[in-house]
Amino acid sequence: MNKELDRTYSRRDFLKITTALAAVGLTTSLTPDLLYGEAGTDLKGVTIDYWNMIGVQNPVVKQLSESIIKAFEQRTGAKVNTTWDTYGSIIGPKYRTNFLAGKIPTVFDAISSWTGQLRSFLRPLNDFVGEWDSETKEPVSWLFPLIKVQNRGFSDADQIYDLPFLVIPQAPVVTRLDHWKKAGLDFEKNWPIKDTDHFLELLKAFKDQKVSEYPYEVYGKIWDAGDTQLNGWVRSLDIEKSDFLNADWTRSNCDSEPWIRGVQFYVDLFRKYHYSSPDSPQSTDEDAVEQLIRGQKSIVHADILNRGTFLKRIPKEVEAGLIQWGPHFPMAGGTTGSVVFQAMASFSITKQTGPDAEIKERAAWEFIKEWFRAENQIALAKSSGLSARRDVWDGLKGAPDHYIEAVTSMLNNPGVWSNHPKSVDIQYNLFAPHIQQAMGGADVATELKAYAEEVNKILKT
Amino acid sequence: MVKISGIQVKNLVKSFQKGTVQACKNVNLDIAEGELMVLLGPSGCGKTTTLRCIAGLESPDNDDAIWIKGRNVTRLPPKDRNLAFVFQDITLFPHLNVRKNISFGLDMRKTCSKEEIDRRVQEAARLLHLEELLDRKPNQLSGGQAQRVALGRAIVMEPDAFLMDEPLANLDAALRIEMRTEIKRIQRKLLTSTIFVTHDQEEALTLGDTIAVMKDGVVQQVGTPYQIYHQPANIFVGTFIGAPPINLFPCSIQSRGTEMIAISDLFYLPIPEAIAKNLSLGSQNLTLGIRPEFVTIGPKLENSFLARVTLIEPLGSRTLIFLEAKGREIRSVVQGEAPVAEGEAVHVTFQMERVFFFDSTGKRI
Amino acid sequence: MAQVTDRSSFVHKTLAYAGLIFVLSLILIPYSYIALTAFKPPGEVFEVEWLPREWSLEAWRYTFKTVEFQKYIFNSFIAGLGAAILSIFIAVPGAYIFGRKQLRGKEIFFYIITVALLFPYVLLIVPITITWIRIGLYDTLPGLWIAYQIFIIPFALWILRGFFAELPPSLEECAMVYGCTQFQAFYRVMLPLARPVIVSLLFMTFLIGWSDFLFSNMLTTGEGPRTASVILYVTAVGGERVEWEVLMVMTLMAGIPPVLLYILAQKQLMKTFAVRRR
Amino acid sequence: MIDTKPRTRETQFVSTREVGLWGRMLQGDRWLIILFLLPTLAFLIFLLWLPFLQGIWMSFHNWPFIGKPKWVGLQNYRDFVTASYFWTTIRATLIYSLSTVFQLGIALIAALALNQKFIPLKGIWWGIMLMPYAMPPVVTGAIWMYLLDPNLGMVTHYLIKLGILSEPIYWASDPTWAKWVITLVVSWTFWPFMFLIILSALQSIPESYYELAEVYGANLWQRFRTVTWPHIRGAVLAAFIIRIVWNLEKIDQPFQLTGGGPGYETSVLSVLTYRFAFLSGDFGMAFTVGIFLIAFMMILMIPFLRRFQILITQAGKRG
C-alpha cells in the first residue's frame, strides 16, 4: 500500500479517494487547489514512519487516513511511511517487542490509556502544544486536564505524551423506536433515561410486553467488560473510586463499596433480571448492536464507533429516525454528576536520536496538526468517534439519530482510565475473568477482592 | 601364466569399535592380473571387510595396505580406484532404468563420450542377454536379471578389477549355478582381475583360479582349488572345504620296524614313505584326516578295520555311506550305487597316500 | 472378497457407506453452507437460510477491491513456498546423516530432536521477533521462512530419517564405487529416491507457511509480507464488527488452494506416511 | 552337492561400523557429515534449544516485557500452583487433550471406510476429507464461530428446529460447553492428519491376509481384531503421540472462539501461556506455564512412552 504513496499524487488518485469519501458524506483537507499549487517545501526530504491503528475501524476511516497522509505529504514535501496495524498489536506483544528491539515509528496513533507501557520511548509534546495557534489549541484544551489525570501516577504527569485527536465517551445508549411503540412506552417522556431504576422499569416493560426476550446486554468479553458502561455507573456513585486504580496508583479501587454495587448491578441485569442474554459472559457491544439492528434487543450500550455499523446495515432506518442515541445515566441514588469515562484516540511521537532528530520530531508534529484541521476532524467524527475539537461539534448536530447530541451531552466532567504501564493487564486481562466468574454465579465481592489483590501485587513490583 | 601384479593386500589390519573388534588381522593377498581369486570363509571371518577395504568402502588401520597395479590406494576414495563392485543385495538404483543403471559409472566418470557409453552398454547387454530389458526399471526385473544388470554395470567400467561380494547369495539354487558359470565365462573373456567373496565352498572351488580361505580375520591358505582341496594347510581348511566333510581321527605315531604307523583306538595304519618323512616318531595328539572318497569299503585287508553301515545317502552319481566304529562316525563316498546295505558290518580301508596329518595346533604336517 | 455374499458382506458394505457418509457430511455440510454464505448480501448473513435470497458478489468485490485480499494470498503463497524449500535444505541433509551414518551419540541427538517436538512454540515468538528485528529479518519473507521451520523441522527429521534408514545400506556404497563422491552419492541416488517423501514434506511445510497466524502476525507489518491468515484473523476478530460474508469469501480464497494442492500431492503423501507404518 | 548352510547375510560387522566424528573415517566423509549436520544443528540450537533454556532461566525470574528482570526463584511456580485458576486450567487442558481421541475416532472411521475396495470415487472423498486440515486453522475457527453462533448460527438453528434443543446454547459463556466446543473444533480441524497415516497403514496390509481370515470364517469384527488392528497399531500410536503434542500446542482456535474464557475455563495451558506472555507481558510466568505444559504432555504420554521408546530405538537401530 505504501508503494502507492511513493508515487506522486495524481489527480486520478485524488478523484478516487474523494469519490469514495463523498459517498459517505465526508470532505477532507485535500482540495483540488492544493493539487496544482506549489507543494510546501519546508519538510522536503524528511521521512517519517507512521503506524496507523485507527484505520482498522472500518474501510472509510482507512481511506480517510490515506487522504490525510497524502494531503500532508503534498503540503509539506515530507514523506510518510505508513504501516497499518490493529489494536491487537498494542494490546498484545507487538508494539512492545518492536519498541524494545528498536523498531520504532516516528509517530503513531493508539488509545491513550494503552501507551503507558511505551512511555520511556515517547517524547513529551508540551512545547509543541505550546506553540499551537490558539484557533486549534483552544477547542482542544478541555482535554489537557484529562490527560493529566490519566497520567497521574507518572512523575511527569504534567507532560502530554499522547495527544487525543478523537474521543470516545463510554458509553451512550442506542434504542429502536418501534420497540417503544410495541411496549406501549412513551419515548418523548422517557428519553433520555434518568437513572438505573428508570432503566430497569423500561427494560421490564420491554420484557413483559415480549418486545424482546433479552432487551439489553451487559458485556463480559475481555475487551468490553472493562471499558464500556460499567465504570460510568461506578463513577456516578463515587468519582474518586471510579477508575481501576487509586489516585497515586498504589492500589486497586475495585474492592471498594461503589465497585461492588456497580458490578453487582451489572451482574444482576444478567443473572437476576434476565434482561441480558445467556451469552453475556462472552458478549460484546458489536454483537449487541447487531442484535439491536435485527430487532432482538431494545436498548443497548454501545460505543460511538458502532455508528458506522448502523449506517452500513440499515442506512434507511437511520435516516428515518428509527435508531436513536441517548446519553449514559447514573446509578439510582448515586448521582455525583459525572457518569462517563472517556477513551481517547491519540497521537504519540517517539524520542528521536541522531542528527535529524529535531526535524523528524517537527515533521511528526506537523503531521499530527494535519489531523487536527477542522475539515479532517469533522470527517473523522462522522466515521469513527467524536472529534477532539469542541468547535466543530455544533456543525455536526442535527443528524436523525442524534448521536452527536447524545454523546456531547455526556461530556460533563468525564473520567479517564489510567495510563499505567500495566493498564492493559489491569483493565482487561485480569479484570475480565473475574467479571465472567461473577456472571457465572460467583460472589461479586469475593471476585472483586481477588481481582484487587492480583492488581495490588502487580503494582508492588 | 606370468604373474603381473593386479591387486595386492599387504598386512591389512582393520578394526572396529575403537579397536576392540579386529575384523582383519594382517591379511596378505596377491591377485595377479587377470586372475579370479575367491575369498572363502565362514560368516564373520573378515572376507567382506577385506573386500570393502580393497574397494575403499572401509578405511584400513594401516596406511599402505591396498595396492592396485603397484599404486598405493589405501587412502583414496572408492571412485578413484577404478574398481567395480557387485553387491550381495544386488543394489540397483531403483529410480534409474536398466540402461542408466549400467551406464551409471561411466556417466559419473564423464571421460567417455556419449557414443562410447552407448557402445559399451550395448556390448555388455549383448554379453549378458539384457538387450530387451534396457528400458525397464529395476522393480520389473527378476532376481537373475537384476544380478546381470549389476554385472553389466561392473563390466562397462572396464575396471582394473571386479570385486564381488557374494553376488549370488540371494539367488535360488538353479540360478546360482547358472550365474556362476556366466561369471566365470565373462571373466575368462574379459580377463579382468576379480575377487569373489563367498562362503559357499562349491562356488569357490568351481570359480576360483586361486582360493584364499579366511578365518577370524586371518588368511589360512591361498592356493589353487586343487591345492586347497588336496593339500589343506590346516584342519580348518580341511574341514571347511569338501562336502561331505573330511573324516578326522586323533592318533599318534609309532614305529614298527622301519615303518611308521599311525595308531588310534580304531586303527593301526602304516604310513607311506612320502608322508612319513615329515613326521617324527612318538608324536602324540596328531589328527589324521582323510576325505570320504578315499575311504573304501571292501575286502578285509591288512590295514582294514570293521565298521557298521548306519545310513546310506545317494548323491546322484555317487553315494555317501555313514559308518560307525567304536562310537566314531566315518563317512565314505563311493562311485555309483552303494555296495552294502544299512546295518551290514563291513571292512573299511583308508587310501594311505591320501591321508593328512595335522599337528596339535591344527597345522598340516 | 466381493464374491462372498454372506450376511457380513451386507453389514460390511452398510457400515462402510455409513462411515463414509457420516464423515463426509461432517465436512460438506459446514463447507457448503459457508460457500453459499459468501454470495449473500450483508443483511442476509444473519438469517439461517441455505440459498441466498438475492445472489450478491458484493463480498467478493469488497474482498478483491477494497481489502485487496489477493495480495495477501500471494504473500501467503510465497511465504509457504519459501518455507517449504528451506525446510528441505535443512531437514534432508540432517536426516540423511541421522538415518544413514553411524555416529557416536546419534541416539542422543535424536532424543533432542524428539523432545523438540514437545516444545510449546508459542513461547518462541517473542525471542525470535526481537532477534529478527536485530538482524534485519523482521518484516521480510526470509524472516518468515526461517521462523516457520520451527513447526516442521523436528517432524520432517523424524519422517525423513526413518525413510533414509530403511533404504538398502549398499546404495550409496555402490554409487561411490561407481565413481560418485559422498556428496554425489547423496545427490544422485539418495535424493531422487527420497522424492516422494520430500514432496510430501514440501506440501506440509507449504501448508504451515500458508496457514500460520501467530508468527506471521508478529513478524510482519502492514507494509511487509503480511499473509492472508493475518488479514483473515483481523477480519474475524480485529475490527469493529464481523463481516461474515466477507470472512466467508476470504475463507474460500484461503482455504481452497491448499486443498487443491493436497489433491495433487495425494500419491506422494500416501507413500510418505506409509513409510512410518511400523 | 547341495549347500546346506543357511544363506544369511554377514551382518556382524555392518552393525559395528561406527565412527566418531573425529575418528578414522573415509575421506570426505567427515566434512560431508559436518556440512550436512550444520543446518540441522544450527536450527536445533538457535531456534529451539537456546530459547528453551533461556525460557527455563526466565521462569525463575520476574521478567517484565520492558524493564529489568528480577530473580525470584521458584516464586512463579508457587504462584501458579496456588493460583485460583490452576485446577481450572489443568481440567480444561485434560478435556482439550481428548480432542486427540476424537480425532482418532473420526480418522479410523474415515480410513476404514475409504479403504474398502467397493467404494467408488475415492480420490474425490479423499480430497474432501483433507479440507479441514488443509485450511488455515484461523479459517476453520472463523467458520465454526459463524456456524455455532447461538443467535445466527446454522447449528443452533437446526438443533432447535429438530427439537433437540429448546433454546440456543450460549456455549462461549458456559464453562462446560466452552471447553467442549474448543475441543470439538480442534478435533474437527486436525483429524485428517491421523487419517492420512492410518489410511496408508491400511493400504499396506496384503489382501491375502483378509482372504485367509475369511477362509477361516472370521466375521467383520474378528477380521478387524486379528488382521487390521495389529497392522495399523504402530501407525496409530505414532500418530497419536504426535497429535497429543501438537493438539495441546494449538492456541489459534481457542483464542479465537473463547479468548480463554469465561473466567479461565478454556484457558488451556498453551492459551494461558499466551495470555501471560502477550497480554500481561509477564515472561517468567509464561515460561513457568510453558514448563507445566511440557510436563503435562509428558504425563499424558507415559502410557505410550514405553512403546514410543521402542519406536525410537527401532528407528535408531535401522540407521
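Order of writing sets the labels: A, B, C and D. Residues in every chain begin at 1.
One rule holds for everything that comes next: a contact is a pair of C-beta atoms (placed from the backbone, for glycine too) under 8 Å apart; a residue touches a chain by one contact, two chains touch by 3 or more.
What you are looking at is a predicted structure, and each value in this text was computed from that prediction instead of being measured.
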{"item": "Chain D and chain A - chains in contact with each", "value": "C"}
{"item": "Top chain pair, ranked by how many C-beta pairs fall in contact", "value": "C-D"}
{"item": "Gap in Å, rounded to a whole number, between the CA centres of chain D and chain B", "value": "56"}
{"item": "Where chain A and chain C are represented by their mean Cα positions, the distance between them in whole Å", "value": "39"}
{"item": "Distance from chain B to chain A - Cα centre to Cα centre, in angstrom", "value": "93"}
{"item": "Where chain A touches two or more other chains at once, by residue number", "value": "93, 97, 100"}
{"item": "Chain D, residues touching no fewer than two other chains", "value": "17-18, 26, 28, 277-278"}
{"item": "Sequence positions of chain B contacting 2 or more other chains", "value": "56-57, 77, 88-89"}
{"item": "Chain C-touching residues of chain B, taken from the complex the two chains share", "value": "52, 55-57, 77-79, 83-85, 87-89, 91, 93-95, 104-105, 108-109, 153, 157, 163"}
{"item": "Touch list for chain A against partner chain D, complex", "value": "91-93, 96-97, 99-100, 117-118, 120, 220-222, 277-283, 287, 291, 296, 421-422, 424-425, 428-430, 432-434, 436-437, 439-440, 450, 461"}
{"item": "Residue ranges of chain D in contact with chain C within the complex", "value": "14, 17-21, 26, 28-29, 32-33, 35-37, 39-41, 43-44, 47-49, 51-52, 54-55, 106, 109-110, 112-114, 116-119, 123, 125-132, 134-139, 141-147, 152-154, 157-158, 188, 196-197, 199-201, 203-204, 207, 210-211, 214, 219-220, 231-232, 234-235, 238, 242, 245, 249, 251-252, 256, 270, 273-274, 277-278, 283, 286-287, 290, 293-294, 297-298, 312-316, 318-319"}
{"item": "Complex contacts: residues of chain C adjacent to chain A", "value": "42-43, 46, 66, 125-126, 129-130, 133-134, 138, 217-218, 221-223, 234, 237-242"}
{"item": "Touching residues (chain side chain C, partner chain B) in the complex", "value": "168, 170-171, 173-182, 184, 188-189, 192-193, 195"}
